[in-house]
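What follows is a pair of complexes built around chain A, which joins chain B in one and chain C in the other.
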Partner chain A sequence: MKSSLESVAAPALQRSSVKNVLRDAVNGVDFNRFRFWLQIFFFVLLVYGGYAGINFGNSLPTFSCGYNSSGRPGVCYLMPLQHQLAMPWPVLFGYAGITVLTGFFTFFLWFIVLNKGWCGFVCPLGTIQDWITGLRKRVGVRFARYSHAQFQTLSWIKYVLLALMILIPLGIGAGYVSRDMSAPFCAICPARMIIPLFAADFRQFMVDFSSPTKIAMTALGATVTGLFFTGSFVKKRFWCFFCPMSAFHYLLSKVAFFRLIKDGGKCTRCGDCYSVCDLQIKEIADDVKTPQIMMDDCIVCLKCVAACPEEGALKASFAGMTIFESTEAGFVKRMEKGVNS
Partner chain B sequence: MNGPLKTTTPVAPVPAATIVTAKTEPLPFGRTKQAQEAERALNHIIDDFDDNPKAMHYFYDLFRRVYCRGESIAAAGIRIGTTCIHAPEELVYAMGATPVRLCNGSYHYDQIGADFMPAKSCSLVKATLGMLCSENPVPRVGKLDLVVNPTTCDQKKKASAMLQEMGHPVFDLELPNVKESEASRVYWRRSVRQFVEELRRVTGRKLTRRNLKAAMARTQRAEKAFRVLDGFRRASPSVFLGKDAFLVVNAYFFDELDRWCEAVEALNAELGERLEKAIRAAQKKAPRIVFTGSPPIFPNLKLPLLIERAGGVVVSDETCSANRMLYDMTAIDEWLLNDMVDSLADKYLKPCTCPIFTKNEDRRRRLLELVTKFSADGVVYQAFAGCQVYEMEQRSVAQTLNEKGVPMLYIETDYSPDDEGQLSTRVEAFLESIKTRKRNRA
Partner chain C sequence: MKASDSLTAIGPLTILALLGAFATPVLARPAKAPTAPVARPAPAPSMAPRVDDKPAPSAVSAQLDAPPPWPEPLWLVDAPSAERGSGDRGSGERRGGKRGAENHEGQDHQNRESIGAGAPAASAPTGGVPAANAPTDATESVGMMNMGHGGVKNLVLRRGADPANAPVVKLGDDGVSLQVLSADGKRWETPFTDMGKGGLRTKVELENFGFYSAYLLRKSAHGGVLDVQVAQAELLKGGMGHGVEYDPALFKPTLDDTAPIELVREHGPDERLMTSIHSGDKAVFLVRAYGKPLAGARVSLSTQQGWRKTVTSDQNGRVEFTLIRDYFPAWSDFNRSQSSVFLVWAEAETPEAGVYNGQGYSTTRYQTSMTARYYPAPYDYRSQAYALAIVMFVTAFTAFAVWFYRQRRQKPFKEIVFDEKLA
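== the complex of A and B ==
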């Protein structure tokens, strides 16, 4: 901090190389608009990609819903995982174990590229929630918040769902649980009913009366979908808070290439990041000790980075390389745009 | 504004006509001791340094008019006095009123205010009380429709009732003592909403999405201008001195907002040119100082001036009369009234490094960051005698800085000019030791 005294100049003079110009352009981007369009791109890709013959396989770490049978360009990993785990135990723990492991490994490879950025940028169900939020904003209705205590309690639900999503299929394989419970999470996942709608497929909007178990599961699914619409109208990213995929991601997130990094020394704890956070993550503002600041509820939407006025306090990095970081100039630009909108 | 000195019962406002006829002011204001105090300080600020930026003359003139000649700067319409940076000014502007910060730096008022407080009390609180009990106080901000008193330190808290007794309508803006907890956030957001209600009562206007947005656009311009100015202070060798920086933000206390922004933007433009032409404001090897602690407020720029007259440069500060007042900016996710008010509330609580809160980790981290960001060589810590909270934090701050090898000078002082000689010796010795360190390291 002493040796480079002479080179420290006011920011006004630090504009020269192409790299700097490019970096400033990225850091000063109208982030919300950029994300809006990127989400639309991924939405189209994941809901209609199948029509263009795209196939990414069966291990996608995002809700590319398998029930959207004609439009999907690949299948959400949770669907094959639940089916695989429901194989009879001798098969599952025999040769078929290889299939399970291969599937998981492929899922893992996909996942580590974007980390939970899959949630914040790619997931179609997430995008739909953001659209619903946009609708609410237009209507001028304020959003709801959980109290801190509610937040802490509800935050467990996604882990419970993840555990059930694994244990119930294992139970089926062992013969303890009825086959009617197969793919239990898909039965209650709002994506099953909603995503096919975009391909004009209304078949999932039903209650299956073939058995009491199926009645219960499909009715529960319909209820959850109803909750999804009402919930995400009043609460930003309502569903993501309960999503077992989010919990699954978090368990693997420490090794992913894409990271959200915080430099606590530069943080003033002003709470700007917290106040824009869709998931109400307190740590993003208050924790100044953890560099890898991505918490379990985080969807890596990077809104916090765009809303941070401190140079380099928050950054998104890929394999150690910073690709987007908070800057004073970028902050001012975005806020001026907001206040004059 | 209207209670005579040491009145114990609230009195009705004196009609303007009475002031003109019955008010006995033997000397023209410019020749009073009070004006001379300001004159002396201003002369030091201007004349002790060569080649002040031309754009600074707007501020020098402003202070001369307001403090030395006693010209009125009363804003039209409803005026809301604030005794602390915690009162969200955006809300005041939004409802068509004008905020004016009342924290006072005058020794003259410090002596008058001494009647209200125990012997060992903070000069700032005493001076503010002294100012507000005077009949025609300087700066002449006009009759106040409301004084907002955030419940910060004990002295400011107790000043509330005294202000009320002087005849001022006072609103206690309730601030929590802890700022980390979620409960404090909720509590503070509720307090800010009560403040909105109070403003609504006083102004008769309603806070809307539209007027708040317009107000935020104005304050944002000020914050942006301040940040640019702040950026210039990172330059080494320095292009801008701390005494001028303090003066610029001091002007923000009472100056018309848009005019202030224009003046700072002009200053920024000039500093940009000066930086390019490598016009230095201080010597190349001048020790770079981060100023922290009790806030220097004109005319009491005693300590920053001593530092800079002795060859140091105050490159940054962690005080509520400069950096902390304008540095933090608000991010809004949804431009709807509720989210805007909540986010504003957060800005006024969460990043605050005021020592009135239970913990001071944020302050210590902030100081270290400022030292790094502004390539500082040392820290000068001013505590007004009687400002217990700053006095109590001295130990922990000194320890943190010590661990990182940053030298710190702790100075306990007040508004009186008596200790100037003694202080200048200490400051010079401190700067000399820094120079020696730098030489030995090089």
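== the complex of A and C ==
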């Protein structure tokens, strides 16, 4: 009888053992290194994928910049969205509305897979900022942080930009705004100038003199690019704080598959998660009541999960299945390598 | 020192920049340069209808008596130098396609040359202009208006409305010569010689600084029409020093009051002997007949890329064109010294009757042409310098602002001595 029970339980125990080993391996991964290489993979894919004939379409929820005309494997959704919204109103609110809805639906399908993980792992401009941060560390310049009051104020900018990014093209379509203002966010987005540089395309490094409006917009774009370089050097993920794509993501994030979950009962409010957060999201440490802890500024980089010493206090889940969670063993393993870099 | 708050210096700048992006006043769109050929204008009242207009079905029988079509313009251009035969791969590829083949179907391609930039590409197998063995004479200073300012010009005769594909031509009769007129009224002739490729060339030596007018006059009578064709060239000997850059008399175009039809490029108020024409500039021409403005003349301008526009001269014989961009290389191939040729020609018709070489005619058609070279607009390359300057300035300024802010917040170490006796 005993041997019979053992024969039945053995495969189950074996499966459980394999599962546990796999889970321990994932939870104890050298997360920073893993993320670094994953970011490089996506950077190469989104900046040079076009040379390999890859085409993901025009609705990507990340900065696969359309101005990188040769290397892009797809186009950031904000660009076609602005152009579509600038169509004359009778067209936009007529048959062409189907095109807009189709584009949005495609964007939505892409988005719900990774949620704001598109920012933390995939976005080429985010990766560039992380590289600049790495440079700052090597140089030995200390990083900067916003005060809480500054954080609260600046956090609204991305929503203002998102609103203007939609309203200005609509104004163009209605005839109230000059067409020289088309794709207004692209005109000031630093990705327009920076990402094509990696494909040896310097054409966007220019001031467009074809009209006074274009002069103003492209000069402003150059100004924002200058701010980007300095800001990213002294502040981690400087641009992500103002990015309207991030705001757009957050409006849809509640229905996405990929989520960041917090178990407040297991949180000791040690503050490790806050100290490693590039975006300085205070709630990640202070809020012990909200399970879905992902805030609007979050880029789901999962550095907080990797830095948490409490068993299961923070976890990343996909469609309800935990794929990475905080563990004491993983924390200790990472601490030995220096997780708070 | 506390690390927080140190972005105060950059934070407001960011807010201003980002909000400023959308606070930019929406400015009215300025008048734009024409970017597409306009429809053929209606003929002026003083002019007879064009004979190459498509006839109405009811007028088919009348076609038997219709005058011959207008001849293709005959024009002069500076012989390409080795320098001008390089560069611009893009434009060469563009114009070497179907258009070139169609426009010159049935012509002897072996006798053609491409002019200026793009000649190497024009000889590509896909092109319609296979012969690219352009004569080069790099040992001499060549050029016309705005292309070289030397005193020796080598001019080649071509025929056709498409500057990129027009073949060189050899006129049937012997003893063809170019008439040259200087600003002081001096006239002389220089003979055309066989250039060995089915074409003619001539060499003009200019003695003094200033603008010269050169022309070749051709007449032919057929079908009751006398065609008077003039191939004009505005030649310039330019330079610096010797005080020539301050002598306004040298900056004026040379006019010929005896010419039956004349095309004069109006010089800008700031034009000097070393001035160049750029894309985006206004090119103004006067059409004159025997020294008087000719109204109602049809004036066309075409560029190497195939862009063409036709307008009618006003009461003062004046027409104006905006020179559109004609140079679209890859960024890495951009050459700000790259020149493009544009061709402008004027046509007018009068009911003058007479006999020429034993053939009677009841109509006289005048046609004159001129070419010039123009360069990329300075904005095409300066715009990148401006953007780079802005990015570098903002980066440096904000970096300095952050550094300065951090320096200000540093407090020197101050030891606090606690006096226990007072406590």
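In this text, the second predicted complex is superposed on the first by the 322 of 341 C-alpha atoms of A that agree within 3 Å, B and C clash if a C-alpha of one lies under 4 Å from a C-alpha of the other, contacts with A are read in each partner's own complex, and residues count from 1 in each chain.
Rule of thumb we're sticking to: a residue touches a chain if its C-beta (ideal position, glycine included) is under 8 Å from a C-beta of that chain, and two chains touch if they have at least 3 such contacts.
Computed from a prediction, not measured in an experiment: that's the story for all the values here.
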Which superposed partner A:Ser17 touches (first chain B, second chain C, both, neither): neither
First, second, both or neither for A:Arg142, with chain B first and chain C second: both
Partner chain(s) touched by A:Lys235 [first = chain B, second = chain C, both, neither]: second
Which superposed partner A:Glu328 touches (first chain B, second chain C, both, neither): first
Chain B versus chain C as contact partner of A:Glu336, first or second or both or neither: first
Which superposed partner A:Cys270 touches (first chain B, second chain C, both, neither): first
On chain A, the residue positions that both chain B and chain C contact, one per complex: 142-143, 147
Interface residues, chain A side, partner chain C - complex: 142-147, 150, 154, 157, 160-161, 164, 168, 177-181, 184-185, 187-188, 193, 200-203, 205-213, 216-227, 229-231, 233-235, 242
Complex contact set, residues of chain C against chain A: 3-8, 10-11, 13-15, 17-22, 24-30, 32, 331-332, 379, 383-384, 386-388, 390-395, 397-399, 402
Touch list for chain A against partner chain B, complex: 1-2, 4-6, 8-13, 137, 140, 142-143, 147-148, 264-276, 282, 285-286, 288, 303, 307-309, 328, 331-332, 335-336, 338-341
Complex interface listing, chain B residues touching chain A: 180, 182, 186, 213, 216-217, 220, 224, 227-228, 231-232, 234-236, 239, 271-272, 275-276, 327-339, 342-343, 346-347, 350-351, 361-362, 365-366, 368-369, 371-372, 375, 438, 441
